[in-house]
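The structures come next, written out as C-alpha coordinates.
Both complexes below contain chain A, partnered by chain B and then by chain C.
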Partner chain A sequence: MRNRLKVLRAERNWSQADLAERLDVSRQSVNAIETGKYDPSLPLAFKIAAVFGLPIEQIFSADDAAQAAE
Partner chain B sequence: MTASTHHQQSSVRHRRKNAFMAITFITLVAYLVSLTTDMMLPGSHFWLTAGLVIAAILAAFGWAMHLDEGALNAHYVAWYWGGSLGLALSALTYVAAAPASLAPGWVENTLTAALGLDIPNIGFHAGFLLGCLPAVVGYLIWWTVVCVRRGA
Partner chain C sequence: MISCETQGASKTVARRYLRDMGVAAALYMASVVAGALIIGQLHPPHWVRIGLALAPLAPVAMILRAILVLINSVDELQRRIHLEAVLIAAGLTAFGTFAWGFLEEWAGFPRLTAMWILPAMMVLWGLTLALVRRRYA
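Moving on, here comes the complex of A and B:
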(Lines of atoms letter the chains of each structure in order from A and count residues from 1; the text may use other names and numbers.)
(Lines give C-alpha, C1' and ligand atoms only; values in the text may rest on other atoms or scores of the structure.)
Protein backbone atom coordinates (compact mmCIF):
# COMPACT_ATOMS: atom_id res chain seq x y z
CA MET A 1 0.00 0.00 0.00
CA ARG A 2 1.28 3.45 -0.91
CA ASN A 3 0.15 6.76 0.53
CA ARG A 4 0.64 10.50 0.12
CA LEU A 5 0.61 11.29 3.80
CA LYS A 6 4.01 12.96 3.83
CA VAL A 7 3.17 15.21 0.86
CA LEU A 8 -0.25 16.17 2.23
CA ARG A 9 1.23 16.84 5.63
CA ALA A 10 3.97 19.03 4.14
CA GLU A 11 1.41 21.00 2.12
CA ARG A 12 -0.31 21.92 5.36
CA ASN A 13 2.96 22.51 7.19
CA TRP A 14 2.06 19.90 9.82
CA SER A 15 4.62 17.90 11.74
CA GLN A 16 4.10 14.20 12.36
CA ALA A 17 3.18 15.10 15.92
CA ASP A 18 0.55 17.58 14.67
CA LEU A 19 -1.06 14.93 12.48
CA ALA A 20 -0.83 12.34 15.27
CA GLU A 21 -2.70 14.68 17.57
CA ARG A 22 -5.44 15.25 14.99
CA LEU A 23 -5.79 11.50 14.49
CA ASP A 24 -5.48 10.62 18.19
CA VAL A 25 -2.65 8.18 17.53
CA SER A 26 1.04 8.22 18.47
CA ARG A 27 3.67 9.96 16.34
CA GLN A 28 5.30 6.56 15.89
CA SER A 29 2.12 5.27 14.24
CA VAL A 30 2.05 8.22 11.84
CA ASN A 31 5.70 7.59 10.97
CA ALA A 32 5.03 3.86 10.45
CA ILE A 33 2.11 4.63 8.10
CA GLU A 34 4.05 7.29 6.18
CA THR A 35 7.02 5.02 5.59
CA GLY A 36 4.83 2.07 4.59
CA LYS A 37 5.83 -0.05 7.58
CA TYR A 38 2.23 -0.29 8.74
CA ASP A 39 -1.07 -0.14 6.86
CA PRO A 40 -3.81 1.60 8.87
CA SER A 41 -7.15 0.01 9.64
CA LEU A 42 -10.15 1.08 7.58
CA PRO A 43 -11.54 3.28 10.40
CA LEU A 44 -8.19 5.06 10.73
CA ALA A 45 -7.92 5.44 6.95
CA PHE A 46 -11.34 7.13 6.94
CA LYS A 47 -10.22 9.36 9.79
CA ILE A 48 -7.08 10.33 7.85
CA ALA A 49 -9.23 11.11 4.81
CA ALA A 50 -11.53 13.27 6.95
CA VAL A 51 -8.58 15.17 8.48
CA PHE A 52 -7.20 16.00 5.03
CA GLY A 53 -10.68 16.55 3.53
CA LEU A 54 -9.97 14.15 0.67
CA PRO A 55 -11.40 10.83 -0.53
CA ILE A 56 -9.44 7.79 0.67
CA GLU A 57 -8.38 6.85 -2.86
CA GLN A 58 -6.59 10.19 -3.22
CA ILE A 59 -4.45 9.35 -0.20
CA PHE A 60 -3.95 5.59 -0.41
CA SER A 61 -3.38 3.38 -3.40
CA ALA A 62 -2.46 -0.24 -3.93
CA ASP A 63 1.16 -0.83 -4.95
CA ASP A 64 0.20 -2.19 -8.39
CA ALA A 65 -2.24 0.71 -9.01
CA ALA A 66 0.46 3.23 -8.13
CA GLN A 67 2.93 1.51 -10.47
CA ALA A 68 0.35 1.45 -13.30
CA ALA A 69 -0.26 5.18 -12.87
CA GLU A 70 3.47 5.91 -13.16
CA MET B 1 -9.93 16.30 19.62
CA THR B 2 -8.12 19.07 21.49
CA ALA B 3 -4.47 19.00 22.49
CA SER B 4 -5.34 18.87 26.19
CA THR B 5 -7.70 15.89 25.71
CA HIS B 6 -5.01 14.08 23.77
CA HIS B 7 -2.50 14.86 26.50
CA GLN B 8 -4.88 13.53 29.18
CA GLN B 9 -5.40 10.27 27.24
CA SER B 10 -1.66 9.95 26.76
CA SER B 11 -1.02 10.38 30.48
CA VAL B 12 -3.73 7.79 31.25
CA ARG B 13 -1.90 5.42 28.91
CA HIS B 14 1.39 6.05 30.74
CA ARG B 15 -0.21 5.58 34.16
CA ARG B 16 -1.72 2.24 33.10
CA LYS B 17 1.56 1.14 31.57
CA ASN B 18 3.45 2.04 34.74
CA ALA B 19 0.85 0.26 36.89
CA PHE B 20 1.14 -2.85 34.71
CA MET B 21 4.94 -2.87 34.90
CA ALA B 22 4.97 -2.21 38.66
CA ILE B 23 2.45 -4.97 39.38
CA THR B 24 4.30 -7.42 37.15
CA PHE B 25 7.59 -6.61 38.88
CA ILE B 26 6.04 -6.97 42.34
CA THR B 27 4.49 -10.28 41.28
CA LEU B 28 7.84 -11.60 40.17
CA VAL B 29 9.63 -10.46 43.31
CA ALA B 30 6.88 -11.86 45.58
CA TYR B 31 7.01 -15.15 43.73
CA LEU B 32 10.79 -15.44 44.05
CA VAL B 33 10.73 -14.38 47.71
CA SER B 34 8.03 -16.92 48.49
CA LEU B 35 10.20 -19.65 46.96
CA THR B 36 13.30 -18.91 48.97
CA THR B 37 11.95 -18.05 52.42
CA ASP B 38 9.93 -19.93 55.01
CA MET B 39 8.43 -16.72 56.40
CA MET B 40 5.09 -17.29 54.72
CA LEU B 41 2.22 -19.54 55.65
CA PRO B 42 2.03 -22.81 53.68
CA GLY B 43 0.32 -22.19 50.39
CA SER B 44 0.13 -18.44 50.92
CA HIS B 45 2.68 -17.76 48.17
CA PHE B 46 0.31 -19.39 45.70
CA TRP B 47 -2.63 -17.15 46.63
CA LEU B 48 -0.39 -14.08 46.82
CA THR B 49 1.02 -14.80 43.39
CA ALA B 50 -2.37 -15.72 41.92
CA GLY B 51 -3.88 -12.45 43.17
CA LEU B 52 -1.02 -10.39 41.80
CA VAL B 53 -1.09 -12.20 38.46
CA ILE B 54 -4.82 -11.46 38.11
CA ALA B 55 -4.18 -7.81 39.03
CA ALA B 56 -1.37 -7.65 36.46
CA ILE B 57 -3.64 -9.14 33.77
CA LEU B 58 -6.37 -6.59 34.54
CA ALA B 59 -3.87 -3.72 34.51
CA ALA B 60 -2.40 -4.98 31.21
CA PHE B 61 -5.88 -5.23 29.72
CA GLY B 62 -6.70 -1.65 30.74
CA TRP B 63 -3.38 -0.47 29.34
CA ALA B 64 -3.76 -2.34 26.03
CA MET B 65 -7.27 -0.97 25.50
CA HIS B 66 -5.83 2.54 25.50
CA LEU B 67 -3.01 1.88 23.04
CA ASP B 68 -3.43 3.28 19.55
CA GLU B 69 -3.73 0.74 16.76
CA GLY B 70 -0.14 1.10 15.54
CA ALA B 71 1.28 0.34 18.99
CA LEU B 72 -1.18 -2.52 19.48
CA ASN B 73 -0.21 -3.99 16.11
CA ALA B 74 3.47 -3.85 17.11
CA HIS B 75 2.66 -5.94 20.20
CA TYR B 76 0.58 -8.42 18.15
CA VAL B 77 3.39 -8.86 15.63
CA ALA B 78 5.99 -9.20 18.40
CA TRP B 79 3.94 -11.82 20.26
CA TYR B 80 3.22 -13.73 17.07
CA TRP B 81 6.76 -13.93 15.72
CA GLY B 82 8.96 -13.37 18.78
CA GLY B 83 6.76 -15.47 21.05
CA SER B 84 6.43 -18.27 18.48
CA LEU B 85 10.17 -18.41 17.85
CA GLY B 86 10.76 -18.40 21.62
CA LEU B 87 8.38 -21.33 22.02
CA ALA B 88 10.15 -23.13 19.20
CA LEU B 89 13.44 -22.59 21.05
CA SER B 90 11.86 -23.99 24.23
CA ALA B 91 10.69 -27.06 22.33
CA LEU B 92 14.11 -27.58 20.75
CA THR B 93 15.83 -27.23 24.12
CA TYR B 94 13.40 -29.70 25.67
CA VAL B 95 13.89 -32.21 22.89
CA ALA B 96 17.66 -31.84 23.13
CA ALA B 97 17.74 -32.16 26.95
CA ALA B 98 14.98 -34.68 27.58
CA PRO B 99 16.42 -37.97 26.34
CA ALA B 100 16.31 -40.79 28.82
CA SER B 101 20.10 -40.79 28.76
CA LEU B 102 20.00 -38.00 31.34
CA ALA B 103 20.51 -39.48 34.77
CA PRO B 104 17.57 -39.02 37.18
CA GLY B 105 18.02 -35.79 39.13
CA TRP B 106 20.68 -34.51 36.74
CA VAL B 107 18.81 -31.24 36.03
CA GLU B 108 18.03 -30.61 39.72
CA ASN B 109 21.58 -31.39 40.88
CA THR B 110 23.19 -29.30 38.14
CA LEU B 111 20.98 -26.28 38.80
CA THR B 112 21.38 -26.51 42.58
CA ALA B 113 25.16 -26.65 42.19
CA ALA B 114 25.21 -23.82 39.66
CA LEU B 115 22.99 -21.47 41.68
CA GLY B 116 24.33 -22.41 45.09
CA LEU B 117 20.75 -22.39 46.41
CA ASP B 118 18.74 -25.34 47.64
CA ILE B 119 15.37 -24.51 46.07
CA PRO B 120 12.72 -27.22 46.52
CA ASN B 121 11.36 -28.65 43.26
CA ILE B 122 13.91 -26.69 41.27
CA GLY B 123 13.38 -28.95 38.27
CA PHE B 124 9.71 -27.96 38.14
CA HIS B 125 10.59 -24.25 38.27
CA ALA B 126 13.26 -24.70 35.63
CA GLY B 127 10.69 -26.37 33.39
CA PHE B 128 8.27 -23.50 33.90
CA LEU B 129 10.95 -20.94 33.06
CA LEU B 130 12.08 -22.98 30.05
CA GLY B 131 8.51 -22.81 28.76
CA CYS B 132 7.95 -19.09 29.39
CA LEU B 133 11.24 -17.24 29.32
CA PRO B 134 12.30 -17.78 25.68
CA ALA B 135 8.85 -16.68 24.48
CA VAL B 136 8.98 -13.52 26.61
CA VAL B 137 12.55 -12.72 25.55
CA GLY B 138 11.66 -13.38 21.90
CA TYR B 139 8.66 -11.08 22.22
CA LEU B 140 10.75 -8.28 23.77
CA ILE B 141 13.46 -8.57 21.11
CA TRP B 142 10.92 -8.62 18.25
CA TRP B 143 8.99 -5.71 19.74
CA THR B 144 12.19 -3.65 20.01
CA VAL B 145 13.03 -4.40 16.38
CA VAL B 146 9.51 -3.42 15.24
CA CYS B 147 9.68 -0.16 17.22
CA VAL B 148 13.10 0.75 15.80
CA ARG B 149 11.97 -0.05 12.23
CA ARG B 150 8.85 2.08 12.67
CA GLY B 151 10.86 5.01 13.94
CA ALA B 152 9.88 4.92 17.61
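Moving on, here comes the complex of A and C:
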Protein backbone atom coordinates (compact mmCIF):
# COMPACT_ATOMS: atom_id res chain seq x y z
CA MET A 1 0.00 0.00 0.00
CA ARG A 2 1.22 3.51 -0.79
CA ASN A 3 0.55 6.63 1.23
CA ARG A 4 1.07 10.39 1.14
CA LEU A 5 1.75 10.72 4.85
CA LYS A 6 5.17 12.32 4.46
CA VAL A 7 3.92 14.95 2.00
CA LEU A 8 0.83 15.77 4.05
CA ARG A 9 2.92 16.01 7.20
CA ALA A 10 5.43 18.29 5.49
CA GLU A 11 2.62 20.55 4.22
CA ARG A 12 1.54 21.05 7.81
CA ASN A 13 5.08 21.44 9.10
CA TRP A 14 4.64 18.55 11.50
CA SER A 15 7.50 16.36 12.63
CA GLN A 16 7.03 12.60 12.89
CA ALA A 17 6.85 13.07 16.65
CA ASP A 18 4.08 15.69 16.24
CA LEU A 19 2.02 13.35 14.09
CA ALA A 20 2.72 10.42 16.41
CA GLU A 21 1.41 12.45 19.34
CA ARG A 22 -1.75 13.40 17.42
CA LEU A 23 -2.33 9.74 16.53
CA ASP A 24 -1.35 8.44 19.97
CA VAL A 25 1.21 6.05 18.47
CA SER A 26 5.00 5.84 18.67
CA ARG A 27 7.24 7.84 16.33
CA GLN A 28 8.59 4.55 15.03
CA SER A 29 5.06 3.63 13.90
CA VAL A 30 4.71 6.87 11.93
CA ASN A 31 8.11 6.28 10.35
CA ALA A 32 7.26 2.65 9.47
CA ILE A 33 3.97 3.71 7.85
CA GLU A 34 5.64 6.52 5.89
CA THR A 35 8.35 4.25 4.56
CA GLY A 36 5.84 1.56 3.61
CA LYS A 37 7.27 -0.97 6.06
CA TYR A 38 3.98 -1.21 7.89
CA ASP A 39 0.40 -0.87 6.70
CA PRO A 40 -1.83 0.54 9.43
CA SER A 41 -5.04 -1.15 10.56
CA LEU A 42 -8.32 0.26 9.30
CA PRO A 43 -9.07 2.06 12.61
CA LEU A 44 -5.64 3.71 12.55
CA ALA A 45 -6.05 4.62 8.87
CA PHE A 46 -9.36 6.33 9.73
CA LYS A 47 -7.65 8.13 12.59
CA ILE A 48 -4.91 9.32 10.24
CA ALA A 49 -7.57 10.54 7.79
CA ALA A 50 -9.34 12.39 10.60
CA VAL A 51 -6.11 14.05 11.75
CA PHE A 52 -5.41 15.31 8.22
CA GLY A 53 -9.08 16.08 7.56
CA LEU A 54 -9.05 14.09 4.33
CA PRO A 55 -10.82 10.99 3.02
CA ILE A 56 -8.77 7.80 3.41
CA GLU A 57 -8.48 7.32 -0.36
CA GLN A 58 -6.66 10.65 -0.66
CA ILE A 59 -3.99 9.38 1.74
CA PHE A 60 -3.71 5.67 0.99
CA SER A 61 -3.81 3.79 -2.28
CA ALA A 62 -3.22 0.19 -3.24
CA ASP A 63 0.12 -0.49 -4.97
CA ASP A 64 -1.58 -1.75 -8.13
CA ALA A 65 -3.94 1.27 -8.18
CA ALA A 66 -0.99 3.63 -7.93
CA GLN A 67 0.80 1.79 -10.73
CA ALA A 68 -2.32 1.90 -12.92
CA ALA A 69 -2.61 5.66 -12.39
CA GLU A 70 1.00 6.16 -13.50
CA MET B 1 16.89 -5.79 26.94
CA ILE B 2 14.49 -3.90 29.21
CA SER B 3 14.83 -0.62 27.30
CA CYS B 4 14.28 -2.55 24.06
CA GLU B 5 11.08 -4.01 25.45
CA THR B 6 9.60 -0.66 26.46
CA GLN B 7 10.63 1.15 23.29
CA GLY B 8 7.57 2.76 21.74
CA ALA B 9 5.64 2.61 25.01
CA SER B 10 4.48 5.75 26.79
CA LYS B 11 6.52 6.90 29.78
CA THR B 12 3.75 5.86 32.17
CA VAL B 13 3.52 2.37 30.66
CA ALA B 14 7.31 1.97 30.58
CA ARG B 15 7.66 3.12 34.19
CA ARG B 16 4.92 0.75 35.36
CA TYR B 17 6.50 -2.14 33.44
CA LEU B 18 9.94 -1.50 34.89
CA ARG B 19 8.50 -1.19 38.40
CA ASP B 20 6.49 -4.43 38.10
CA MET B 21 9.47 -6.27 36.62
CA GLY B 22 11.77 -4.95 39.37
CA VAL B 23 9.41 -6.05 42.14
CA ALA B 24 8.86 -9.45 40.49
CA ALA B 25 12.60 -10.00 39.99
CA ALA B 26 13.31 -9.12 43.64
CA LEU B 27 10.58 -11.48 44.86
CA TYR B 28 11.88 -14.20 42.55
CA MET B 29 15.42 -13.87 43.88
CA ALA B 30 14.15 -13.84 47.48
CA SER B 31 11.99 -16.94 46.96
CA VAL B 32 14.81 -18.86 45.25
CA VAL B 33 17.43 -17.94 47.86
CA ALA B 34 15.04 -18.60 50.76
CA GLY B 35 13.90 -21.90 49.24
CA ALA B 36 17.45 -23.10 48.64
CA LEU B 37 18.52 -22.15 52.18
CA ILE B 38 15.52 -23.77 53.87
CA ILE B 39 15.79 -26.98 51.85
CA GLY B 40 19.58 -27.15 52.24
CA GLN B 41 19.78 -26.45 55.95
CA LEU B 42 16.46 -27.37 57.55
CA HIS B 43 15.60 -30.44 55.45
CA PRO B 44 11.84 -29.76 55.65
CA PRO B 45 9.15 -32.41 54.97
CA HIS B 46 8.09 -33.21 51.43
CA TRP B 47 4.96 -31.05 51.39
CA VAL B 48 7.01 -28.00 52.47
CA ARG B 49 9.52 -28.72 49.71
CA ILE B 50 6.66 -28.75 47.19
CA GLY B 51 5.47 -25.37 48.49
CA LEU B 52 8.99 -23.92 48.35
CA ALA B 53 9.51 -25.31 44.84
CA LEU B 54 6.30 -23.64 43.62
CA ALA B 55 6.92 -20.32 45.45
CA PRO B 56 9.07 -18.79 42.66
CA LEU B 57 6.14 -19.29 40.26
CA ALA B 58 4.24 -16.40 41.84
CA PRO B 59 6.84 -13.77 40.82
CA VAL B 60 7.20 -15.50 37.43
CA ALA B 61 3.43 -15.10 36.96
CA MET B 62 3.89 -11.40 37.88
CA ILE B 63 6.56 -11.12 35.17
CA LEU B 64 4.28 -12.71 32.57
CA ARG B 65 1.47 -10.39 33.64
CA ALA B 66 3.76 -7.34 33.34
CA ILE B 67 4.68 -8.44 29.80
CA LEU B 68 1.01 -8.89 28.85
CA VAL B 69 0.12 -5.47 30.28
CA LEU B 70 3.01 -3.93 28.32
CA ILE B 71 1.97 -5.60 25.05
CA ASN B 72 -1.64 -4.50 25.54
CA SER B 73 -0.59 -0.92 26.30
CA VAL B 74 1.54 -0.17 23.24
CA ASP B 75 0.36 0.83 19.77
CA GLU B 76 -0.50 -1.67 17.04
CA LEU B 77 2.94 -1.71 15.38
CA GLN B 78 4.73 -2.18 18.69
CA ARG B 79 2.27 -4.98 19.57
CA ARG B 80 2.95 -6.64 16.23
CA ILE B 81 6.71 -6.37 16.84
CA HIS B 82 6.33 -7.91 20.32
CA LEU B 83 4.09 -10.72 19.09
CA GLU B 84 6.39 -11.57 16.18
CA ALA B 85 9.37 -11.61 18.54
CA VAL B 86 7.57 -13.78 21.12
CA LEU B 87 6.44 -16.18 18.39
CA ILE B 88 9.95 -16.56 16.99
CA ALA B 89 11.43 -16.92 20.50
CA ALA B 90 8.83 -19.56 21.43
CA GLY B 91 9.47 -21.41 18.16
CA LEU B 92 13.23 -21.36 18.62
CA THR B 93 12.89 -22.51 22.24
CA ALA B 94 10.56 -25.36 21.26
CA PHE B 95 12.85 -26.35 18.41
CA GLY B 96 15.98 -26.15 20.58
CA THR B 97 14.56 -28.07 23.54
CA PHE B 98 13.06 -30.71 21.25
CA ALA B 99 16.41 -31.15 19.52
CA TRP B 100 18.20 -31.30 22.88
CA GLY B 101 15.76 -33.97 24.05
CA PHE B 102 16.70 -36.22 21.15
CA LEU B 103 20.39 -35.52 21.75
CA GLU B 104 19.94 -36.48 25.43
CA GLU B 105 18.17 -39.72 24.56
CA TRP B 106 20.23 -40.88 21.62
CA ALA B 107 23.60 -39.15 21.83
CA GLY B 108 24.28 -39.04 25.57
CA PHE B 109 24.14 -35.26 25.91
CA PRO B 110 23.88 -34.01 29.53
CA ARG B 111 20.37 -33.87 30.96
CA LEU B 112 18.96 -30.38 31.47
CA THR B 113 15.96 -29.60 33.66
CA ALA B 114 12.82 -28.10 32.14
CA MET B 115 13.43 -25.14 34.48
CA TRP B 116 15.68 -23.61 31.81
CA ILE B 117 12.96 -23.39 29.16
CA LEU B 118 11.36 -20.15 30.39
CA PRO B 119 14.66 -18.26 30.96
CA ALA B 120 15.86 -19.41 27.52
CA MET B 121 12.66 -18.13 25.95
CA MET B 122 12.94 -14.80 27.77
CA VAL B 123 16.54 -14.30 26.61
CA LEU B 124 15.59 -15.27 23.05
CA TRP B 125 12.64 -12.88 23.23
CA GLY B 126 15.03 -10.03 24.05
CA LEU B 127 17.23 -10.93 21.09
CA THR B 128 14.40 -11.50 18.60
CA LEU B 129 12.74 -8.27 19.75
CA ALA B 130 15.83 -6.29 18.78
CA LEU B 131 15.99 -8.08 15.40
CA VAL B 132 12.28 -7.69 14.57
CA ARG B 133 12.36 -4.04 15.65
CA ARG B 134 15.19 -3.36 13.20
CA ARG B 135 12.96 -4.58 10.36
CA TYR B 136 10.49 -1.75 11.02
CA ALA B 137 13.09 0.95 11.83
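Simple rule for what comes next: the second predicted complex is superposed on the first by the 70 of 70 C-alpha atoms of A that agree within 3 Å, B and C clash if a C-alpha of one lies under 4 Å from a C-alpha of the other, contacts with A are read in each partner's own complex, and residues count from 1 in each chain.
One rule holds in what follows: a contact is a pair of C-beta atoms (placed from the backbone, for glycine too) under 8 Å apart; a residue touches a chain by one contact, two chains touch by 3 or more.
For clarity, every value in this text was computed on a predicted model and none was experimentally measured.
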Room on chain A for both chain B and chain C (clash or fit): clash
Touched partner set for A:25, first chain B, second chain C, both or neither: both
First (chain B), second (chain C), both or neither touched by A:51: neither
Touched partner set for A:37, first chain B, second chain C, both or neither: both
Contacts of A:1 with chain B and chain C, given as first, second, both or neither: neither
Intersection of the chain A residues that touch chain B with those that touch chain C: 24-26, 28-29, 31-33, 37-38, 40-41, 44
Contacting residues of chain A [partner chain B, same complex]: 21-22, 24-26, 28-29, 31-33, 35, 37-38, 40-41, 44
Complex contact set, residues of chain C against chain A: 7-9, 74-78, 80, 133, 135-137
Chain A-facing residues of chain B, complex: 1, 3, 6, 9, 68-71, 73, 147, 149-152
List of chain A residues in touch with chain C within their complex: 24-26, 28-29, 31-33, 37-38, 40-41, 44
